[in-house]
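Have a look at the structure below, then the notes.
By letter and in written order, the chains are A, B, C, D, E and F; residue numbering begins at 1 in each of them.
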């Protein structure tokens, strides 16, 4: 009966959450050996002014926008969300 | 920079945690579009006397042992961990 | 000085929270033997798109509405909130 | 499907947790209108050296023992646990 | 790589959060011996109807406003935020 | 009445926690404008096998020991704790 809390930056569309809930549940079920229906996932979304690393708010570090291209994953081309 | 907390029953071996950390990180990276090195995973392990569902402690519901065969996932054969 | 966090579906009226805070505090004081004024209760409310069980978002499972009659407690007649 | 986390001082016997899980679940079911079997309760126990109020560790404030008579609820006679 | 969660009453301006993130990170770095860039701080803001102490919601105890002068720190003159 | 949770690697001595509780409380009081006696700090300590970044357990990444010299803060000379 795992309870999984995922703290992320605010602003992802529902499709992203749907895919994440599915994929993370798959990963949990296959590695931890629990029943699928017992897995609970909770997304805790944070505004950039409520998240800081290195003593600096993300709104100051990255600007108010969310996922501006290339700011985060750079050359990996994987995308640009940062939180 | 997602921070992921996984509350589970105590007693899984390190191999299980290693596999879970890897698979869950994979799932997070591919669906949430974050850099791999930014994903933090924390396992919060609980004794069965510190976890209750339906008002009943798991130590009373399932006994003190962990993962006794068949108690949880039954016919699915997937294993028997329950928390 | 217990700190109690209650994760629930978003949308309950203040009267419900008032009653819950009171009843849960009563339960904590009488069973854990702590002073009433030391009990802290925090409600963490979740949108249905931020809560998943079995790999499925609750907004997909139960629809966007909150507490549609009968979906949850059924014959018990106790109500219909599900989160 | 409320998930309830109870942070308390370490050291309570299982009977106390059993009674607390029951009473808190009762309170949740009757006030929040959820099915009994969907209520999850998790006890997070803390050593006195991991809990501070007013900038002072509880081990320094109250001593290493747990629940020494009278230190907490005093004249109320309700007991003496403080966390 | 400490992850620090700060639960506070909703309504503080960004300047306050900026100063708090900085000062708390300073305190963590100098006392816990971790690299500055590894410190993560998350602010969890609560409405007054989602926070209760002594079984009473803060909206009932303190009113709906935030930080009405003198209600909290009184003579200390330090300000009046209460959560 | 802020409630502050600090997730760190297990193994720091009580003197370190005492200093951290004090310094963090100072930082909170001076920047958030709350009464000192209302600040609660909770240390959540994690074994290295319960903490992963980048999909890798810290026990695999850094070894089982805690704070081996130089692994973390290197030239900064600030110390060597990494979690």
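Please note the rule applied: contacts are C-beta pairs under 8 Å (C-beta built on N, C-alpha and C of every residue); 3 or more make two chains touch, one makes a residue touch a chain.
From a predicted model like this one, the values you see are computed outputs, not experimental measurements.
**Q** So if I look at the partners of chain B and the partners of chain D, which chains show up in both lists?
**A** In this structure, the chains that contact chain D and also chain B are A, F.
**Q** What's the rotation angle, in degrees and to the nearest 5, for a C-alpha fit of chain B onto chain C?
**A** About 180 degrees, rounded to the nearest 5.
**Q** Based on mean C-alpha positions, I'd like to know which chain lies farthest from chain F.
**A** For chain F, the chain whose C-alpha mean is farthest off is C.
**Q** Could you check which of E-F, B-D or B-E has the same interface as D-F, with more than half of the contact pairs identical by residue number?
**A** Having compared contact pairs by residue number, the answer is B-D.
**Q** Going by the average position of its CA atoms, which chain sits the greatest distance from chain B?
**A** E
**Q** Looking at B-E and B-F, which pair shares more C-beta contacts?
**A** Counting C-beta pairs in contact, B-F comes out ahead.
**Q** At what distance in angstrom does the C-alpha mean of chain F lie from that of chain C?
**A** 32
**Q** Between chain C and chain E, what is the gap in Å from one C-alpha centre to the other?
**A** Distance between chain centres: 24 Å.
**Q** Taking each chain's centre as its mean C-alpha position, how far apart are chain C and chain D in Å?
**A** Computed value for the inter-centroid distance: 19 Å.
**Q** At least two partner chains per residue is the criterion; list those residues in chain A.
**A** 1, 3, 7, 22, 24, 26, 38, 40, 42, 44, 51, 53, in rising order.
**Q** What chain-chain pairs meet the touch criterion?
**A** Every touching chain pair, ordered by label, is A-B, A-C, A-D, A-E, B-D, B-E, B-F, C-D, C-E, C-F, D-F, E-F.
**Q** Can you list the chain A residues touching chain D in their complex?
**A** 1, 3, 40, 42
**Q** Would you tell me which residues of chain D are touching chain C in their complex?
**A** Those residues of chain D that touch chain C are 1-9, 12, 16, 19-20, 22-24, 26-35, 38, 51, 53, 67, 72-73, 76, 78-83.
**Q** Quick check on the complex: what are the chain B residues that touch chain F?
**A** Per the touch definition, chain B meets chain F at residues 14, 17-18, 21-22, 25-26, 36-45.
**Q** Which of the residues in chain A come into contact with chain E in the complex?
**A** Checking each residue of chain A against chain E gives 7, 44, 46, 49-57, 59-60.
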